[in-house]
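By letter and in written order, the chains are A, B, C and D; residue numbering begins at 1 in each of them.
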Amino acid sequence: MITIHHYLILSALLFTLGLLGAVLRKNILIVLMSIEVMMNAINLTFIAVSRYLRVMDGHVVAFFVMAVAAAEAAIGLAIVVSLFRTRQTIKTTDWRMMRG
Amino acid sequence: MVKFLPLIPLLPLAGFLFNAGLALVATRRKKAPAEWLPSLIGCLAPFLSFVLSVGAFWVLRQNPHEPLITGPLFSWFSTSLLSVDFGFLVDPLSSVMILIVTGVGTLIHIYSIGYMKGDQGFARYFSYLNLFLFFMLLLVMGDNLLVLFVGWEGVGLCSYLLIGFWFTDAEKAAAGFKAFVVNRIGDFGFLIGLFLILFAFLSQSQGSENSYLNYSFMENHKEIFAPLATVITLCLFAGATGKSAQIPLYVWLPDAMAGPTPVSALIHAATMVTAGIYMVARLFFLFEMAPVTLSIIGSIGLATALMAALIGLTQYDIKKVLAYSTVSQLGYMFLALGMGAPVAAIFHLMTHAFFKACLFLGAGSVIHALHDQDIRNMGGLFSKMKYTGITFLVATLAIAGIPPLSGFFSKDEILLMTYVNGSPVFYILSVLTAGLTAFYMFRLFVTTFLGKTRHPHPDHIHESSLVMVYPLKILAFLSIVGGLVGLPHVLGGENRIHHWLGYLKEATEVPHQLELRLMVISTVWCLFMSGLAFYLYCCHPGWTKRLKQKGALIYSFIFNKFKIDELYQAVIIKPLLFISTTLLWKGSDQKIVDGILVHGWTKVATVSARLLSLLQTGVLGHYLLFLWGGLIVFLFLAVR
Amino acid sequence: MLIIILKILIPFLIIFNMIPFLIWLERKGSAYIQDRHGPNRAAFFGIRLGGMLHSLADVLKLITKEDIIPLHVHKPFYLLAPFLALTVACVTYAVVPFAHPIEINGEPFTFQAADLNVGILYILAMASLGVYGVMLAGWSSNNKYSLLGGVRSSAQMLSYEIAMGLSLISVLMVGGSLELNNLVISQGATPWSWNFLTQPVAFFLFTTAAFAETNRNPFDLPEGESELVAGYHTEYSSMKFAMFFMAEYAHVIMASALIALLFFGGWQVPLMSTDFLREQAGLGLYILLLAHGILFMVAGIFLLTWFKKGKYGDLRDYEVLVWGIPLVLAGLGLSLYTLLHGSFDLTPLGSQIFAAVVQFMTFMAKILFFCWFFIWIRWTLPRFRYDQLMGLGWKVMLPLGLMNLAVTGIILLMR
Amino acid sequence: MSETIFFYIFAVISVGMVLLMIFQTNPIVSALYLVFGFFGVAGLYVLLSAPFVAVLQVLVYAGAIMVLFLFVLMLLNLRKEDLVYDRLNWRKIGVGGVAILFLGFLAHHFTRIQIQPFFDLPENFGTPEGVGRLLFTTYLIPFELVSILLLVAIIGAVVLGKRQ
């Protein structure tokens, strides 16, 4: 019997994995992808709770999250490309201009 | 009539706004505007106020026991502890005051047109003058102590502005500054008195009504003040000493002569400086409850009168003499108050306003003609400036207490009350002072108008224009007849002012015999002193010089105003400056506040920022890690 | 369960069988357009099937050819890419309806593998996945030209997907549903109510975008042989290469099917609604069979007229006889049987099935026509330059699609 | 029963693919794994009766965003030495431990909530029509705002990507 617990824990797991990827990896593109994973985990929670409560608002929110993810990916990749053009690298540790 | 009461102060305010606008425009254009407009507006506003005041007086005369009250015009502020409404009150006392203020004020305004002619700040001058009238009327007409205080501060401001009217002259600006600062000291006492009144009410609060500062309310509940009366009245009197130039705060008034002479006449002789007397008279029900205060007031008034008269004997500056004379006369008024005779004080206030304004304006006329203030450069002006001379003589006679001019009646009243209520020493000293007054006034008159012309360019001297002469004439007339309102019963008069203001204090019955005897004594004494002065300065000027040389030590001591200014400088200002500069500024502010608190904290902030900025590694993963850590903490706190 | 498997399998088989046919059609068509003969040599005991045997031969050759995996490739993705391409191309058929749904014992039966309520979105989603095979192939080949091909392909597909989606939205607005079946039904049986007339701009946009999505000329830059050798499949050989080819043709068929479904009434028989077909099923079957008999005979006789002994001098001379005689005989038999039997009397189920069969045939005819259209275009138009391609996609089709959307919306509101 | 099986299949796919994504040196391979992970999540959406969102997931994430990622990755054409995988060290193990603790904490709290099994759903739950109706009525203003957001993102990306 699959309950909402399963979905919640699964989404927590996905979120944690995404976070781990974002924290551990130094490749900016993988960090971006990990952020997408985190968003997916959140979407999963929304959909699961939507199913549980039998309202569709969660679907709408998931839709918005996707839109935001798309915008984020577009901008993020544009930034990565323009950064790569000047620095020839995509390692996050190579970009430390804002270091204190 | 009540409907029009607010107009009395508001008309000068409108005049102020108009003239201030004109002055601003003039400053913008760097060109003096036409003078007819500010003078018209500036004189029309007080004149209309005067007309309204007369109307108010007229209405009040029908039924003197029902003061005209506008009721609260608007609620100024209202809290659970205290509520203050803005309202106007015209009772007999304030009706007398507004008549003096607007009447004398109007005359002085008109006089100013001539006096200030061609001045760069013509419109500015009239705007200040109108503003002064507004605040003075607010002070007099306010129905509670706080409105009075507003007017009190406002006239202080205008006084400052007008003393320093020619602010490009550093000395004059400094005089204004001095007046302001000294007044502040007095105002501090006044404020404490106000707070104490509030404290007295609040500590024994009963009933729902809380407009504590209303005069009528205070009078109806005056028993509340019984325990604090002495302290409160002393504090209030401290304020009065500042405003009305009494010992120890009189030092500003002689310096205030730096302003234009009409200003000295209006503010520093006729109206503003009497605010303290008005305030004490207004709250006389309170002062009555504190006999200690009254005796202190009397002593200080007498001391001031005597000391100022002595200083006045020695001064050469025409305005300075008049200034000390003013201080001396104010001392008389306080003496009257101290002797429990507010009516006499107000009576003297009124007559003093007439003849002192006349004197000042006459002096102004002389100064206008000579462009000089030193009486040693004058003399023999009587023939050249006939009207000025005559009016000046009339006013001198009035102030000297020669019957039947106004000064005689009012001063005699005070001397009588001193004899009746005070000790013999007080009486003797006050009579002595009266003689001194007569002496220095005749010295002034004789030196200025009689004798030989000592001015280097005597041909240029001429009588002033009509706008200046007519106010002089009117004021001289008032100086002559002004005393008739207080013509005592013993001389067959009705003593109207006693009936009019009788509610302030029950008049004491004095045996007619005694009254007559005292009158004769003082009249003879004053005549003798006047004659002496006339004789000494007119016929034998050499004697005075020899006298000076004989008593050079005492003379110079008196000439230097008893070294009071130096004393203040040494005892108060120097230590104060030392404390401010060395201890507070260089020691505590620079070292402790700046050094430790301000810069110390910036050091702390800088160092901690350096340390915190170590967290700012620039590595994306670290930031995410911190974010995550925050999330974990938040979750722990939120979910637990 | 069996029905489901059949539902999945039959379209699959149809498509897989159409691919060799299309290859033949392409070659023959190009030959016709270029005024030459085209493939005609391969023969099996003299049977050439008009060159169609070449396709079979090709299949045999590709299957048996040595599978070369270059050393420098990224092996997992190199292997995965062709499968991905083909799979994505094929799964799209799951939602294509082949005929009007019928009722069996009161239970609805649809002629599509999966009746999804998200219909067209599913197609869009799958179409957007089509780029993966190409990209992966290009990247994993670890070859400059392949990579360029892959990059071009991904950019091109992303760009044209937008125009495609926009044109689809306006069609959806007119049809009022996401389900393809409903869309087809809403178009009606009359050709002048089909969407290619009500939505001409959308039709133009969709067709163009479909060309781009299939990477076919004039949008075949990912594999432009004059620039990139062979683009993303340069390093591929044997069956893997064939899979890319099959994927391309599967895409073509799919695109044709979509054009037919969305703009040309899908399985709607022109002027004959489903109800009409069902009512007149007996007569219809009679006419249909008779027509086929006559058609077969005519075709057979036509073939037989080609016979000329000694044309080639070997068994090929007799090929027309092998096809022509049975055709004539079958046509004769069918016609006689129909004529003798007279009008048919079908059960309700039978009439439904008849209607479905007719619709299915109509649909296939439409698909074939558009496949031919693809081929026709390919051999007619030159290839775009890359910047022209992008300019067309972003500066012409996107604004056009948006405008079309707005106009459609306004018209729908006014109605 | 089949729901359980499918749930575990999809769960394993998504989690496994994401794990592979994280621990993969080559970003292109990572992206591919992530695509498969997204398919797993889409499958979960279908199980949760959200076909519309599932299709959107495929369309947007797999079909657009990841293609964009791949496109950029191919465009950058990274060299091998750029991709040297940062080796496992104590710091990473520590972060991983914290992650596991975090997960345990979350799981603990999720399971503590009292819940009921899934109920049957109303008609057209999760269909495009249902979601669209909600989207264009209750959430109309957020929807419009999102469109503005996307427009801004487009312009921003163009400006950023433009060669000076």
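By definition in this document, a residue touches a chain if its C-beta (ideal position, glycine included) is under 8 Å from a C-beta of that chain, and two chains touch if they have at least 3 such contacts.
Given the structure is predicted, the values throughout are model-derived calculations rather than measurements.
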{"item": "Shared chain contacts [chain C and chain D, defined touch]", "value": "none"}
{"item": "Which of A-D and A-B has more C-beta contact pairs", "value": "A-D"}
{"item": "Chain whose Cα mean lies nearest the overall Cα mean", "value": "A"}
{"item": "Between chain A and chain B, centroid-to-centroid distance (C-alpha), Å", "value": "79"}
{"item": "Geometric centre distance via CA averages, chain D-chain A, whole Å", "value": "7"}
{"item": "Between chain B and chain D, centroid-to-centroid distance (C-alpha), Å", "value": "84"}
{"item": "Whole-Å gap separating chain B and chain C, where each centre is the average of the chain's CA atoms", "value": "109"}
{"item": "Set of chain D residues in contact with two or more other chains", "value": "52, 56, 64, 68, 75, 95, 102, 106"}
{"item": "Sites on chain B at which at least two other chains make contact", "value": "625, 628"}
{"item": "Touching two or more other chains - residues of chain A", "value": "19, 23-26"}
{"item": "Chains grouped in pairs wherever the two touch, ordered by label", "value": "A-B, A-D, B-D, C-D"}
{"item": "Residues of chain D touching chain B in the complex", "value": "95, 98, 102, 105-106, 109"}
{"item": "Interface residues, chain D side, partner chain C - complex", "value": "28-29, 32, 35, 51-52, 55-56, 58-59, 62-64, 67-68, 70-71, 74-75, 77, 127-129"}
{"item": "Complex contact set, residues of chain D against chain A", "value": "3-4, 7, 11, 14-15, 18-19, 21-22, 27, 30-31, 34, 37-38, 41, 44-45, 47-50, 52-53, 56-57, 60-61, 64-65, 68-69, 72-73, 75-76, 78, 82-83, 86, 92, 95-96, 99-100, 102-103, 106-107, 110-111, 113, 115, 117-119, 121-122, 125-126, 130-131, 134-135, 138-139, 142-143, 146, 149-150, 152-154, 156-158, 160-161, 163"}
{"item": "Touch list for chain A against partner chain D, complex", "value": "1-10, 12-14, 16-21, 23-27, 29-30, 32-34, 36-37, 40, 43-44, 47-48, 50-52, 54, 56-57, 59-60, 62-64, 66-75, 77-82, 84-85, 89-91"}
{"item": "List of chain C residues in touch with chain D within their complex", "value": "74, 77, 116-118, 121-122, 124-129, 131-132, 135-136, 138-139, 147, 150-151, 154-155, 157-158, 161, 178"}
